[in-house]
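Labels run A, B, C and D following the written order; every chain starts at residue 1.
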């Protein structure tokens, strides 16, 4: 058992870290937020890196790497709070791969994975319209409604910009009943989308924690660094517990997606439930460490807090996932418990004791 | 508006404090726990003080004082963790007063209030039997089932001692379908019983907090008193917020029972929901301040923790009361919201704004 | 213990309600400047019937109201959803500090324009390096002929761009012990040495300003109290500012809880036990905060001085407001990410509640040291 | 990253499962002494197939198992609900410390009786005045002819009444700096100067003892390491003790969560959304703890040394076990006050989780100072 990233995975992480530090540092993020746009050059770079199809099989034009690699990249996008359509594009590709017909896949998946076309995905809300990140300018939309999904072309729908809590990404309402269903296993796709979101949330939380820790080391009050007060240092320790929990859960879910899909349903829900809470809680806690300065627009922290608030609500919420986890642990009526018949391969959650 | 205890109320508080310090200090509590008995002399003293009927009208043989006075006395019984049937006796008297027929009242209430007979009350559980504190040796039992209650004579029921989490009081299962219904307003009685329980919980929490604070002042680790570490001092400050919240809510509910019953339903639920959480949380937090020594039987803290765990579960639970509070604040279907028509007399929770 | 109001208090409330109904200024206009002028007019209306300067003695143009009346007033203002008067800091801090510590000439000069909102007041206490540790402030005042020359920087100053007068703490004796070398000034904001720059918040508003002070001048007659006694002047005002506020804040939260209940019903989640538990818990917390506030007020009315217990409701207010707004956003599900209700703004704004007016950590220090008598850390 | 087990590890698990099924000792008998003898027999059975001393080198009678195998072993022991072996402290601490720091003679003398449970070991580290601040211990050892004379008091000593040997920390040089004057002794418990007195817990059990040491004697040959180096000897053993434990602890919690789910179904509350939320949250916390434990184990396997990150799962374990047991009692409603299921005992016992083995506060200090490099408080 090796829970560490492989040398190749570490190289991908470093490449993503370097790429984003160069192309999307926090001054660049701020510029895009002020302009309400994305940096086209950044997106070109993303495509050139092959990240648009990192976890998509080579047969469908992707890089043929796994969800661990995708999680590694997405965590860095969260760490950088990079304004980019990558997440929504990734969600569309994943849903197409897992739920699309062969025709849909051959028409769209390869193009999206290769970066020739751009996809966007989101979920349908109460009024029947969908909330979709980066819908405008996308070539194809995937709209999820419960366990169903349909593929919609931009021309078939009305796409309206909406003001969202998160200024680092662009959100849209997509209205219209058109489109064709994805016939396959939407849930399998959604679980993998949650892995990507959990990874981004982990990166967001990691950065917010680092900001708090660095500030606590230098900010002096009453003659000593505030990080020497347990009110602050224990707060930071709590952040660490949360961040590591989100990361462990995300990596495990990513690994399950790659190597042991029988564990994915539970693992993805654990990851999203944990990461959604972690993202906001750590960012909010970091703000408390910063005091007033963290409440200013000039400080970068709020971008992370707002991104966390949005990511937590894209696709499944923490409470939906907790409910699902409760089912996995025995609160569903008996028929739904079939998954337990699986023999755990490695790090499986325990079956009931046999003695 | 005067939220302070009156001179008379303060005198009652001091009398109860002195009485219990003299007759039921912690060594006495420990003796009773070891023996599994109550101190008969203590009960005689309680009767002589008139506390068996403190909030019962003089017409029914009580002292004709109010629920504030009852709350003051019950808080002291919690503060002392006194092993005594007073709480159960009080609950029986309250329920008889508010839900009993005139015949039931004249037969039982005066005798209980005067201390000539002893009552006990509890609630019916899933299997139809009731859990009743101090049922054994009682002259009359009041068993509550939802919004109904019945009066049962000991001869009509089977009374079996049960092992409970709280060794400072004696608990029994009462089985049997006999008895006669109390025809009146059980809910009005129950709300007042919750006031008594909330007061006892407040006293329990107050004592557990004082123990933590005193220990934190004297216990030294790493060369200074542990109370100078924010991990400890902020924990104690949190206890204070909880204890004062429980006390404010309890006193308000007691006052409402006396002076403005239209506010009692909400106030009693707020008090019990807060006090039930406060009792356990403060006791558990106090244990953490104490470290290992607080985990020993020799230390008195655990009596308070266990009493808090039991009180929180007698009659309504915190979650039932939270649900009821949610209803009061607008989550009930419209018909149930009639109570809002009441004009608030003084410290009423706000109506919706009118502009 | 008696929680009923006196007939006079009931009458005060009844008259105030009627007055608020008859004089409600209507919805606040959009735009910061428009809103400010709106609030100035509203204060003027209040002043005409002696509702501005409510607790000020009548001889200074106030109503001489009791603390209880003041609490009723705060509650009713919140309940009626009227805006704050434009010169709120002048009314709740500036006037009281001048009345308590000012010379006859200062009272003559400053009080009336506060009431009329002709002169707006702001507060210059916090500095970038002096937040929780306020007494470490570095802004310097040096004695010059006829007054003081001030240099330094202040932050979190509301209304600085509208203000005529700044209640300024500056260090006049760098040799003195930390708290002893501070003096309380009234600094004229309309001078070349003073620059106010709006501070953009993460909510994208600018409630506050940075104030850059570069060789500003304050004449001797605008020192409040004696030089070197500024800390104690400021402390008494801060304490008075808080007394009676918590009841109003609790009522404001309870009104929002009613709003939230309506939203939950609209979402069809009012029978969801998980939602009811969380919502009920918020109501319990808000109500215990309100009752703690009432108990605290009762204590202040009796003792005349706010005690450290005020920190209890300050902590609770931040905690319950943060929890309530987060829950309101959460209960909307995916649509919670939209900025189409007041809740996402409120959720962000609430993060400052545990910082502004003394962080929750400082409040817990106060409770631990001054109520529980635990040993000091420092 | 690869979370599959190697074929050897899979085989180890499979063989162990079979072995546990075939050799499960059955339910533990009532009564403390009966239970202890039962565990002694169980350890003897384990030793016969080299499952006692699992990670000890084969030359000392162990199995030479890897850390991964050890973690699998802990998990399977929990899953099979077999008791701990009687001499658990000898196996996980005593043997490893003798193997790492002992002389050849000490290895010859002490190791075999640990494995066979013929000699039970206990630990004498904590003292009444030295809890979190362990290095402030006061038990004194004075050099005498051929050995040391010991005086002092220890507390929280498990198995003291059965133990032959006590791993004892005592101060040998009162002049030295706090951590430098401490020596690690193996003290014979069977001597007149040593009295063990059971410490009754609030759960009404006595897992631990106080040990009163009055002129006890330890010969020179029973000092581990050099005099004055006891602190570092103890620290390495404590760290090793913890590595690999968290996986087993997480699995134990997850098994109890399954029990809890069954109880919730029996109560008819499995479809109550409020119950499902709380229960699901507990499952999430337990699972993230397990995964953090696995990640930590993976790190230790690679680096050879447990790092400060182990404090993460220690904190989580206490937190989730306390929350789970409280919820289990709570979900029963009024019947939660009864002591007729294991849950009320577990809820009380869980309160010690955030104290025993290093308080949660100390764990947070460790994370803050050693992982996040925040400045030290002291």
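As a convention for this text, contacts are C-beta pairs under 8 Å (C-beta built on N, C-alpha and C of every residue); 3 or more make two chains touch, one makes a residue touch a chain.
This is a predicted model, so every value here is computed, not measured.
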item: Option reproducing the contacts of A-D, where over half of them reappear, out of B-C, B-D or A-C; value: B-C
item: Between the pairs B-C and A-C, the one where more C-beta pairs touch; value: B-C
item: CA centroid of chain A to CA centroid of chain B, Å; value: 49
item: Distance between the centres, which are taken as Cα means, of chain C and chain A, whole angstrom; value: 40
item: Averaged-CA centre spacing for the pair chain D and chain C, given as whole angstrom; value: 53
item: Chain D: positions in contact with at least two other chains; value: 273-277, 361, 364, 377
item: Residues of chain A whose C-beta touches two or more other chains; value: 229-232, 234, 319
item: Residues on chain A engaged by chain B in the complex (per definition of touch); value: 229-231, 234
item: Residues of chain B that touch chain D when the two form their complex; value: 123, 125-126, 131, 162-166, 171, 220-223, 229, 231-232, 280, 284, 287-288, 291-293, 295-299, 301-302, 305-306, 309-310, 313-315, 317, 319
item: Chain D residues within the chain A interface of the complex; value: 1-5, 9, 20-21, 24, 68, 75, 78-82, 251, 254-255, 257-258, 261-262, 264-265, 270-271, 273, 275-277, 279-281, 283-284, 287-292, 294-295, 297-299, 301-302, 309, 312, 315-316, 361, 363-365, 367-369, 371-377
item: In the complex, chain B residues that touch chain C; value: 1-6, 9, 68, 213, 216-217, 224-225, 227-230, 232-234, 236-238, 240-241, 244-246, 248-249, 251-252, 255, 259-260, 266, 270, 273-274, 319, 321-333, 345-347, 349-355
item: Contacting residues of chain D [partner chain C, same complex]; value: 272-277
